[in-house]
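Provided herewith is a single structure, encoded as structure tokens, for subsequent inquiry.
For reference, chains read A, B, C and D in written order, and residue numbers begin at 1 within each chain.
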Amino acid sequence: MARPRTGIWLIGAKGGVATTTIIGLIALKKGLSENVGLVSELPQFAGLDLVRWEDIVIGGHDIRSTSLVEEAWKLVYESRAIDGRIVEKLRDDLAALDANIQDGTLYNVGKTIVDLSDTKLRTVQETPRTAVDRLKGHIADFAKANDLQRVVVVNVASTEPPVDEKQFPQTWKELEPQLNETGCPLPASSLYGIASLELGFPYINFTPSLGTAIPALDDLAKQNNTCHMGHDGKTGETLLKSTLAPMFAHRNLKVMSWVGHNIFGNMDAKVLDDPENKKTKAVSKDRLLGKIFGYTPQTLVTIENIESMGDWKTAWDHIHFQGFLGTPMVMQFTWQGCDSLLAAPLVIDLARFADLAKQKGETGLLQQLACFFKSPLGTEENDFAKQFAMLEAWTESLKA
Amino acid sequence: MARPRTGIWLIGAKGGVATTTIIGLIALKKGLSENVGLVSELPQFAGLDLVRWEDIVIGGHDIRSTSLVEEAWKLVYESRAIDGRIVEKLRDDLAALDANIQDGTLYNVGKTIVDLSDTKLRTVQETPRTAVDRLKGHIADFAKANDLQRVVVVNVASTEPPVDEKQFPQTWKELEPQLNETGCPLPASSLYGIASLELGFPYINFTPSLGTAIPALDDLAKQNNTCHMGHDGKTGETLLKSTLAPMFAHRNLKVMSWVGHNIFGNMDAKVLDDPENKKTKAVSKDRLLGKIFGYTPQTLVTIENIESMGDWKTAWDHIHFQGFLGTPMVMQFTWQGCDSLLAAPLVIDLARFADLAKQKGETGLLQQLACFFKSPLGTEENDFAKQFAMLEAWTESLKA
Amino acid sequence: MARPRTGIWLIGAKGGVATTTIIGLIALKKGLSENVGLVSELPQFAGLDLVRWEDIVIGGHDIRSTSLVEEAWKLVYESRAIDGRIVEKLRDDLAALDANIQDGTLYNVGKTIVDLSDTKLRTVQETPRTAVDRLKGHIADFAKANDLQRVVVVNVASTEPPVDEKQFPQTWKELEPQLNETGCPLPASSLYGIASLELGFPYINFTPSLGTAIPALDDLAKQNNTCHMGHDGKTGETLLKSTLAPMFAHRNLKVMSWVGHNIFGNMDAKVLDDPENKKTKAVSKDRLLGKIFGYTPQTLVTIENIESMGDWKTAWDHIHFQGFLGTPMVMQFTWQGCDSLLAAPLVIDLARFADLAKQKGETGLLQQLACFFKSPLGTEENDFAKQFAMLEAWTESLKA
Amino acid sequence: MARPRTGIWLIGAKGGVATTTIIGLIALKKGLSENVGLVSELPQFAGLDLVRWEDIVIGGHDIRSTSLVEEAWKLVYESRAIDGRIVEKLRDDLAALDANIQDGTLYNVGKTIVDLSDTKLRTVQETPRTAVDRLKGHIADFAKANDLQRVVVVNVASTEPPVDEKQFPQTWKELEPQLNETGCPLPASSLYGIASLELGFPYINFTPSLGTAIPALDDLAKQNNTCHMGHDGKTGETLLKSTLAPMFAHRNLKVMSWVGHNIFGNMDAKVLDDPENKKTKAVSKDRLLGKIFGYTPQTLVTIENIESMGDWKTAWDHIHFQGFLGTPMVMQFTWQGCDSLLAAPLVIDLARFADLAKQKGETGLLQQLACFFKSPLGTEENDFAKQFAMLEAWTESLKA
């Protein structure tokens, strides 16, 4: 009997993170890449029923008229991020996968994202409910056509403008009717989330957009016996903050100020150049320090679009702390990482762990996945080492 | 009835770390300093029977003919490390404490340290046993004169040349007779350790020197119902290594090389300028990476004497790691910390925790104090977060 | 016969730069400081008729109700910038000098500076002309009382909001009548400049404020046979830009982007926290790159108020450049300098050179002082090495 | 009539620098690369009789049995230094050029270089004279076969161990007979130089090896009406030192210490891992500071072989300087440059300028090329800006 297969459905499927995720998954399947960067491949997670590379099928939504191959070459030659030999070998696979990518929705994504979209999508007139049903159709067809037991939906699309969470009711019963109104303030990321959860599929929000981060959608997830988690993948500077801040706390060193400047130049950077979209991001990068320290040092986080950087995100952090007898000292770091290559393996990890969670009957928020997120939903734990221990404890319990 | 008092006996009592420790203890006692930098003052350690500032008496050994006040002003004006107003206020206290500092031993400390010593000490002719007995006399007299219930001996003297540990027998019974031979290869740090343990007092080795890090001296500690721990206080670059390396490991990012360059210019730096003494240090700074990663990246650690830096130690670390799909990325950090001010509060913490351990009947190696050391004896745990959790678990168990 | 004496009149006389300038001048006079940081003390400038330390008298304007001694201790203990032993020795001199500091003007300085001012100054009602005449009176009285042959006025006050230069007429004859109108858009820095030039005294603008940077005031300077120069002292990051950018140009390395982030926390930082005032500064820090390269790389400059930094300004610059065959490379630097201590010696240098220029009959803009300014008036030369050669050539010509 | 053609003969023709130089020259000839990084292509050097890309023919000596194509792919895939698309297009040209590369000499190159060499070369038994004559034959044949008017020989081979320059006589007449002795201490780099100069061809030493840096070989150059220059191409950290040190000097900021740590992992790094060879390099990187400052700050330079870095050289420099009133401040920089790509365009520039010099009748040392070298022969000028002005003045004089 054939092993059950799992689909990974990527929102923003032609973006840098998704393209890298897809390249990685095919390369892993074909034995062209080692498993560096994949948390789920660590020894402590061996023996779990994690989906194998050969049992994963990829599909997704996007709103731009480009191709995976074109995006892949950009990562090779514009950003010098990916080894061209890998893309050369996967060219046909990537070309074939374009057929698995369907038109997404521009509902409440904000002007900057609309400006980047395929023009034909801009004239679509849908209520949120109509959009959700259309998106559900794509995912359901994909599952059926590929004979998939489960699909995990992962949002890796560009960051949307912020939405006031307080305006939404607490239950799905109260929220659902609003989907029929054209003025409904839910953004696209939430509509994808609803589509996913209504199908009973896990939804993972790798971006700081709203997604399913409101009680009414957690309610929906539980009603449909499925799970979800978010938000904002922790790939670089914030990963370091959540690692270093506990060290300062454990040594009782008093952080007076923590300044972080980030520069990069990919599509995400272009979208974040819109002050509205950037606002969503900065909040997500900056909130954890106060929670870890128990007091609030002065903080500053900037994130700027510098075109020449391409997919390479460079962060400079300056940490000004007080030592014994009040003497001020300084730690600085720079982080030069390739944004898509840091994110992609975590997307794969999240899809595998969410798939496992669904398989094991978990419902609601997957707090055990906190270590993957800048702002993990449903938990106040921001210490990376402790978050990682949560993941280990959960998976250990599954083995028993 | 008067509360029992505890002595802290510092080996290298006129050095930068000791001088800062002493300034700090008096400042804390007089309410002139906050408790920043003191681990033992964190909320999770409240409620333990830790000795209070007012119940601590200070003494020590040194081999140089200087005074605490002179050393203190060097830290204020040469290194710009300590706020001069504090020293101004403690001038009389420091002057009085010089009387509590006795002549140490130059036995096997190496040429560089001998060259720094008070010339009158260079002509002393003692067997190790005679030296140990003399040192014991100083500590015992100190305890008696000050009516101390316990004394904790902390070695903060300059780093000695390396000693081959394999040459020593496994038991105290076998080792003890060697103390009567003038060719006995035990260095001064071990003689201070023996003096301490024979008196039943805890011994903490804050330096990379040999101290009590051999089975025969652990045997001695246990025979005398006392405890000990080492070695090499984890104050800066290595603290960061033991914090950051687990992060790379948890993300399955493959560290290809980790280069660390350290510069500073205090007395320690002068001693480490002797290639023999430096050898002891570099090993201590570099061993943990392989243990954390489970594989061995290329590593390089230098530590150089740059006079203008004074007590300010600056480290630059360059971490070259491989991400997903084999793409190389870089993290760099610089750490600008004041060596003595980072070390001093940990010396106080260690003395308090060791005093507590002795009080609670702990014997042998205090592995629960691993988070304070670059090369913690008796444990293979090098992940700082996990080491800290060990400390929390131990103290929690004492509260119960 | 007594040697002629020169006055240095500081606008913003109680600020960090002025306080440091004053401390430095007295320390030099008393032999308490070496001449490190003073350009005018380099060997190539020996033999010029530069005013000697003992022949300098200090006075100034300010708008805050503080004292020099208070400001000095802030630099010692809050910022850890100045060695306290120096201030201790100059305490009486500083206290006496407060009497030489007169009330300045708040005319068009912007809300943020007004908020910092002595409240009694806020109710003063003056036309620009009345203000100028009052300020002139102070300076003239100072010159007379101290029997000064010349006075150099140096503006080291906080940065004002930007003013549109195009609105002013080209000649003094046309501009002068506007001083009688209360709506006249000239800011305080220009009124001090007019006061100075009408008295025939040189005016140096060490700030990015307008000062005398308009043709009508150059006209006034020439009519009164005096000289002036500005603007914005080149102390740190921009000094490095004007040194490093020519290197990239000479090697034909193509700079794609140059990002600079500055943090500091002194009074200047507080004023620049007002977006209006910051605007004046950022323009001044960023304009030279295009002029040096002949093409315009993407640039970004931020300057942020981080309180814990005090007078210590830290800049991080990330320079992304293309090398041979199009390969991108990176240079980064951090600059940790004490703002007031970098500026003060240049203020003294500028006063000495301007005093010399006046003595030698120079009128109008002193372009030969370009190396001291971020945005040197009257010249397009931004290469620091070439600017310095201009200074050497000029002084050489004076020796002949 | 055909334009005269010039040969560029590379010593170490299959190394990283030479391979990149060759790729660059062909790419420029074919219009596949812009002229970024080429000094000789700056506007101020237009109008000179510099040899054109299409008139350059390439040949050289090497001692390893590899191929240019193989070396090129290493730069593409191991070091991620060169865009693979360029190498793809030049594959046939590179393969053809292998035929132009002849066997060099291992005479006095030191053990480490011998260990890297083609084994068949290790058994060659030649006196220096026999070796020189053989090498001359290769170059002369190359010139004849390609109908070249001039050949410029450029040494880009690995660094040899240091040689005591004082042991050599001052004139060629005295030195020449020593070439017949097998114990003659001249290293290979000098034998290539002699071969070149005896043929009347310019010799450029881009390495810190001895080459023609002794009076007797300058004598030889002049006797043969030809020119030469060296040594050690100034590509990265030292370029920055010679740019930044004058800035500190011009501001009278007193540099107390300058520490520089370099890491890289290419063939050069492997050779420098031999302490003997490294000695030659470190001296060259460190000598200029004292000359620029007029006093000697404490300096430290390390250069270490870190394999994962490949051709990417990263330098961290820590500059500790004293500002006004004695306050210590810090500048740090990191330089992440691709060694071969920084060197190659300078090799091309030097060949073009030396070719021009020969054409214009220059003999002896070409001091006007000082800006290209870490330790320019025949001049004490180490200020990069002034060195560049020397080049501009010389070329300007040729235009007149």
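Assume a residue touches a chain if its C-beta (ideal position, glycine included) is under 8 Å from a C-beta of that chain, and two chains touch if they have at least 3 such contacts.
Here's who's who by UniProt: A, B, C, D = Myo-inositol-1-phosphate synthase.
All of these numbers come straight from a predicted model, not from anything done at the bench.
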Count the touching C-beta pairs: is A-D or C-D ahead? C-D
Can you spot which option in A-C, C-D or B-C is basically A-B again, with over half of the contact pairs the same by residue number? C-D
By how many degrees does chain A turn when fitted onto chain C using C-alpha atoms, rounded in steps of 5? 180
Determine the centre-to-centre distance between chain B and chain D, using the mean Cα coordinates as centres, and give it in whole Å. 49
Averaging over Cα atoms per chain, report the distance between chain C and chain D in Å. 45
Which residues belonging to chain B are in contact with no fewer than two other chains? 80, 83, 330, 332, 334, 336
With touch defined as at the start, can you tell me which chain A residues reach chain B in the complex? 20, 23-24, 27, 33-39, 41-42, 81-83, 86, 239-240, 243-244, 246-247, 250-254, 322-327, 329-338, 341-342, 344-345, 371, 383-386, 388
Which residues of chain C touch chain B in their complex? 77, 80, 83-85, 334
Interface with chain A, chain C side, in the complex: residues 80, 256-257, 259, 261, 263, 298, 300, 302, 304, 306-309, 314, 316, 318, 320, 328, 330, 332, 334, 336
